[in-house]
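For reference, chains read A, B, C and D in written order, and residue numbers begin at 1 within each chain.
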Amino acid sequence: MTVARTVELEGHIIDSGMMQQCFGVVMDLGGNFDVDVFEVGKHKDEESYCRMTVKADDEESLREILHELHQNGAHLPDPPNATLKPAPQDQVVPQGFYSTTNHPTQVRYEGEWLPVENIEMDCVVVVDPDADGGPRAYTKVLNAVEEGDLIVTDEAGVRVDPPERPRGSGSPFGFMQGGVSAERPSESLIRKIAEAIEETKAEGGSVLAVAGPALVHSGAGDALARLVREGYVDMLSAGNGFAVHDLERGQYGTSLGMDVETLENPRKGHKHHIYTISEIVRAGGIEEAVEQGLVEDGVMYECVDNDVPYVLAGSIRDDGPLPDTITDAVEAQNAIREQAREADLVLMLATLLHSVAVGNCLSSTTRVVCVDINPATVTQLLDRGSAQAIGMVTDVGTFVPALADEVVGDP
Amino acid sequence: MTVARTVELEGHIIDSGMMQQCFGVVMDLGGNFDVDVFEVGKHKDEESYCRMTVKADDEESLREILHELHQNGAHLPDPPNATLKPAPQDQVVPQGFYSTTNHPTQVRYEGEWLPVENIEMDCVVVVDPDADGGPRAYTKVLNAVEEGDLIVTDEAGVRVDPPERPRGSGSPFGFMQGGVSAERPSESLIRKIAEAIEETKAEGGSVLAVAGPALVHSGAGDALARLVREGYVDMLSAGNGFAVHDLERGQYGTSLGMDVETLENPRKGHKHHIYTISEIVRAGGIEEAVEQGLVEDGVMYECVDNDVPYVLAGSIRDDGPLPDTITDAVEAQNAIREQAREADLVLMLATLLHSVAVGNCLSSTTRVVCVDINPATVTQLLDRGSAQAIGMVTDVGTFVPALADEVVGDP
Amino acid sequence: MTVARTVELEGHIIDSGMMQQCFGVVMDLGGNFDVDVFEVGKHKDEESYCRMTVKADDEESLREILHELHQNGAHLPDPPNATLKPAPQDQVVPQGFYSTTNHPTQVRYEGEWLPVENIEMDCVVVVDPDADGGPRAYTKVLNAVEEGDLIVTDEAGVRVDPPERPRGSGSPFGFMQGGVSAERPSESLIRKIAEAIEETKAEGGSVLAVAGPALVHSGAGDALARLVREGYVDMLSAGNGFAVHDLERGQYGTSLGMDVETLENPRKGHKHHIYTISEIVRAGGIEEAVEQGLVEDGVMYECVDNDVPYVLAGSIRDDGPLPDTITDAVEAQNAIREQAREADLVLMLATLLHSVAVGNCLSSTTRVVCVDINPATVTQLLDRGSAQAIGMVTDVGTFVPALADEVVGDP
Amino acid sequence: MTVARTVELEGHIIDSGMMQQCFGVVMDLGGNFDVDVFEVGKHKDEESYCRMTVKADDEESLREILHELHQNGAHLPDPPNATLKPAPQDQVVPQGFYSTTNHPTQVRYEGEWLPVENIEMDCVVVVDPDADGGPRAYTKVLNAVEEGDLIVTDEAGVRVDPPERPRGSGSPFGFMQGGVSAERPSESLIRKIAEAIEETKAEGGSVLAVAGPALVHSGAGDALARLVREGYVDMLSAGNGFAVHDLERGQYGTSLGMDVETLENPRKGHKHHIYTISEIVRAGGIEEAVEQGLVEDGVMYECVDNDVPYVLAGSIRDDGPLPDTITDAVEAQNAIREQAREADLVLMLATLLHSVAVGNCLSSTTRVVCVDINPATVTQLLDRGSAQAIGMVTDVGTFVPALADEVVGDP
């Protein structure tokens, strides 16, 4: 028995890769297809349209194919309203719930398309018919689901719009092709990243820096502090370790006991590290420590001094933690999510853990710059699928100073 | 002005590297020394003794040198009692507090040497004079410090005993020389690791497995489940992600949506992942899900079925989390610490985050086996300084099955 | 001024990615296009056809675009004969020479399409009008070009056919999607690779193993020897170092002085290494050493014993070299080229240098299996563009034994 | 039966690690020892002396132990003359030949110590009794051994002096402790490396740069050219690929077809690459191409213009090769050896193959700076054992410009 269903593709379906992926999905999953209509945009700025009949051997296979097609932007013609089922219990989803991509998404409710607010990967979509100002649809992570939430199930009535990738030389993001490699011209690439930051700021956008402790160890703390001071970083997302290393460096000139300038005594001097935390605890927190004159420079100092909000997330590796650190993973994720939603460009600097956490909360339309010395880290982060992403395999210890010189000017 | 102080070294000071490190410390830190007495063990089983006068240009430099010498096992002759100062506040340490190494340590109290209980790196030592059964000394992490705790400050009255490294072919740990490399005979090395596990079990010791999600993705879940079932793993330490992948594989045969046997549909199918969590939430937890027959095999199943305790620590990357996951980093650390203290051999399998967290809580006398495909991870973990450590750069997906065959026998 | 040219795409232009790449090329290079005709295959087995007019601002840009389109399989309608220019000098090419891809290629000569023999990347195409049996076209590397060779210039009259990628579960190569990752089920993947070898042998094909010295260090020499003995390896390509380590292991049971079984004495004992070479020199070569009973097992022994031809290429890192080693890079490349052309499946095992050298000489239709513990190596090798390629990030020391067990059966 | 032998250790035997290693060797190899005399230098500038009796179960084990002790600097009291045996044949060594370390070495001939000239690892020592000016001893690699050469066998009469490692802040090399890590302050480390270069030049020493093609791809070619032009690089060692990429960049502004400034057209345009070689062949070589005005800038241009000698070694990966490239591995090694012997500081920049080849020819007293983005490469190169080595895990594309700015001044 063969079962079949018609789907449509619309937009820049060739250039965005949507058509190729959709054809590939059908074949990979053992299906077949007939192309019924194919109108290709004559010029590169025209949209295209394709309608095809997808066939499979059984309903189960067909459903799987349609699921994948859907994630890649195909949709059903004459779409029905989305199916809504109440969550049976807090943190429990109805069977067949719709799990989001990070692409802009709409759900059909009473014949109208509602944009899904705060789109983010691997969430459920809740429809609130009784919201002030009319029905709304928005994402919820599993742990936020409450009994009775009306949750979208199945793909019917859901529409996904994978964004086009920028092309050519119009945008700093336009030139990236062919993945991540250490063998690109580093200085030219840094200039492109500087342009991307400047462009974002010129458009009134917000820059979120995500930074790991390696940034401080590699001596780039001053340069990041400079970017904060000069207004090129609007939010900071980091871990307890980053903040402690930065504060230790401010107080002792050392990072894990090594003098960052002279490289002397490179022994594992964790004592400064612990004492730094103890002193911040005594002061009552980072802001209080700055006010009391205990901390006089560094990234955290500049954040306090320039009202740049920061989220410090705890982890099981931490010493301390600092009073400012959010030790509960769910709470920390929520704080990260708030920042991620406001960000127009995210600089991921030498941290896999925090970059993944932030990346999980981003829409595919957010610009991402990812810098790490480990090519596997850069690849993993870019694979999460921003349409506008620059990856660079380099040393954060030379990268951040060079970027600051490029953006702010030589010191 | 020259200031001087006499220190002693005792034990296998040559073979343990203690003497070389101590001489190096003095020179690196700009000091000088006279060797006053040097009695070398005539045979390899005899202990040696060295007394030397260390000199520096000022008290500050001398203190720094003595601090480092102390960490490497040197001690002052005619040791005074340790200096105790009360913690001025919760989570605040007195200035000059003594920060622990992970080596066996004693503190001198009223003329007696008290062994420091639960030794672990980067802690403070608290002396409780009024404990039942007489005075006790034990470690506390910073966040456990309570106002009024009597905290050891300075090195005076503290004694550190860096353990000897095992040599020759007597122990499976004896053969490791010259660091980590991918270019060692893999099958022979796996046999050595199997011997280490068998030896530990034969001595009545406990094996703690620390496992990352890559273990499940790489298809090694069945093999680890077999090791649990056959009694070669006594405790499990992992993250929320590991448990969810394992449970998803048990329920759907997939890991992040990929069929682990046929490799079909290797798409990023996070839906199974989320649904797995939702179902475990509905059941009330992993143990309940096993009891209800929802989960019938896998690592978590075997843990429940064989009363193998597990700690699942949360992180900001998590979906869910599962009801069993400890989301607070401080609480999770405390749970990890309890496990680490009971472990005689720790198997670190393809996870940096959890391995570092566990490694932070270990004494240098605990056996450690660390396996990862990234050489930098193995190096970083072994650098934390167990005296008995085996590192192996290999694929956890072939390693765990081969280890299980070696330990349990062919399936 | 706008200049324009019409090009055609034919075949599985959607599923092979050809169409998407061609559209992308035009836009990346600042051009524009009109789609004049687009007939899409209705079923997945039908070919498609597209004719489009490509426009650019000047001839230079247009030529560049056409060059890239051509490399991706587009061709001009009503193709002219290929332009032939004589090489002005040995090892010198005429300006505008056509540089080959590794895809099947034809050139038009006197109104006929001649298949280009021995297709390989980055070569010139020479047409010999006076060959026995009629005109022939074949590749030459630069250093083989002789004065007066008739060399194809420009893309006119050249046709490239990028092969389709296999899909679905029909072929062991069909399941690979989404690049290289260490996080795949290792044992399942090894079974797929075993199938690919068995399939190749069943079709009467030849398997070429390319092996690095790490294979011997990691203890996999016996397993590779077993594959040679049992007829699963038809040719061997390696370096001087591989052969010496293998021969040393046969004579002394050591590899660079380490006992591969007991792991004892893991010191850098280069003396065995040098002495092994010296003894092979004394014997007159590897074959003579086998005949004289000096070498009684190992990979090289099995090659001699089973008439499996080997190419040993020299490098500036070598000790010795062995009498069998080809020390001249150009001569060695030619020998490698001969092997590569005969191979139907190439196993690249833990060597970047030799794998790149072999890979340079392969057509895109040759099957490639690439195994290395460094993900960057696997990525780099697969990027060279075989249509049928499996990459695996694993430990060659566990991989080769597991593969031999799978292919040959348990020992 | 126990067999025994007395050995001596002299010099900075504690601080150089010699004593610890010697004690370790005996124990690892299953022997035992009595310390007969131990006079420790009272101050850090005084030498120490140790005489010990080494025991083993049989002659074979004892010989092995003595061999390892010898390599670590122990020697026999009342040393006999070295045993000399004639090479039985070209490229064949007598059994039991002495294989060199890279430490300064002397051999005893007719009661006198002859320094071994051109010391290098894994060589034989030839004594020429009839040399002009009296007996000489020097190293030969295996392929240079001629029938009848008098070759030192066994360790008797050979003396090895492992150099001390520099300490403290006196030398830029003094600060490196505890191996390679990406987590060091990059800019401070670059300043240290600049100091090392300046110090070497100030002492009249020679700097040898060893460079890989990644240096050009990452856009650092101009900076290296600047260092050559300003006299900070006295010799260049590279491969055919490096030179072609550099020359291509000079002629076309591209590297493998990518515009190094604008990053445009980052396609794999090998055509420029081949054409560059063809044009250099036509000119007759690099020097001729410079003279004819074909090449006007870049590293190779500056080498020609400033009489900086270069060695270009061929490999089986090469296109071309250039007329200047030495394609025979043995000849190329000899040319590299000549350079290595003249070098006082070697800069290894982003190439494993050429760095290993150069490193093989260096004495342990030569200064080495090794820079690569892959930590495994840096570790492997530093493990080869220079006493004065700096390793840095960073991006050569930002490193070389920053180094040039530091050494030459801002451009």
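By definition in this document, contacts are C-beta pairs under 8 Å (C-beta built on N, C-alpha and C of every residue); 3 or more make two chains touch, one makes a residue touch a chain.
Quick caveat, the model's predicted, so the values are computed rather than measured.
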{"item": "Where chain A and chain B overlap in contact partners, by chain label", "value": "C, D"}
{"item": "Most distant chain from chain D, judged by the mean position of its C-alpha atoms", "value": "A"}
{"item": "Between A-C and A-D, the pair with more C-beta contacts", "value": "A-D"}
{"item": "Computed distance of Cα centres, chain C from chain A, in Å", "value": "38"}
{"item": "Chain centre separation (chain A, chain D; CA means) in Å", "value": "45"}
{"item": "Where chain C touches two or more other chains, by residue", "value": "28, 169, 177, 267, 376"}
{"item": "Complex interface listing, chain D residues touching chain A", "value": "169, 175, 177-178, 182-190, 192, 214, 217-220, 255, 258, 260-264, 266-267, 373, 393-395, 397-399, 401-402"}
{"item": "Residues of chain D defined as touching chain B within the complex", "value": "14-15, 17, 19-20, 23-24, 26-28, 30, 32-35, 38, 40-44, 167-169, 177, 375-376"}
{"item": "Of chain B, residues touching chain A in the complex", "value": "28-29, 64, 68, 88-89, 91-93, 95, 97, 99, 121-122, 124, 141-143, 265, 267, 270-271, 273-275, 277-279, 281-282, 313-321, 327-330, 332-333, 336, 353-354, 356-357, 360, 374, 376"}
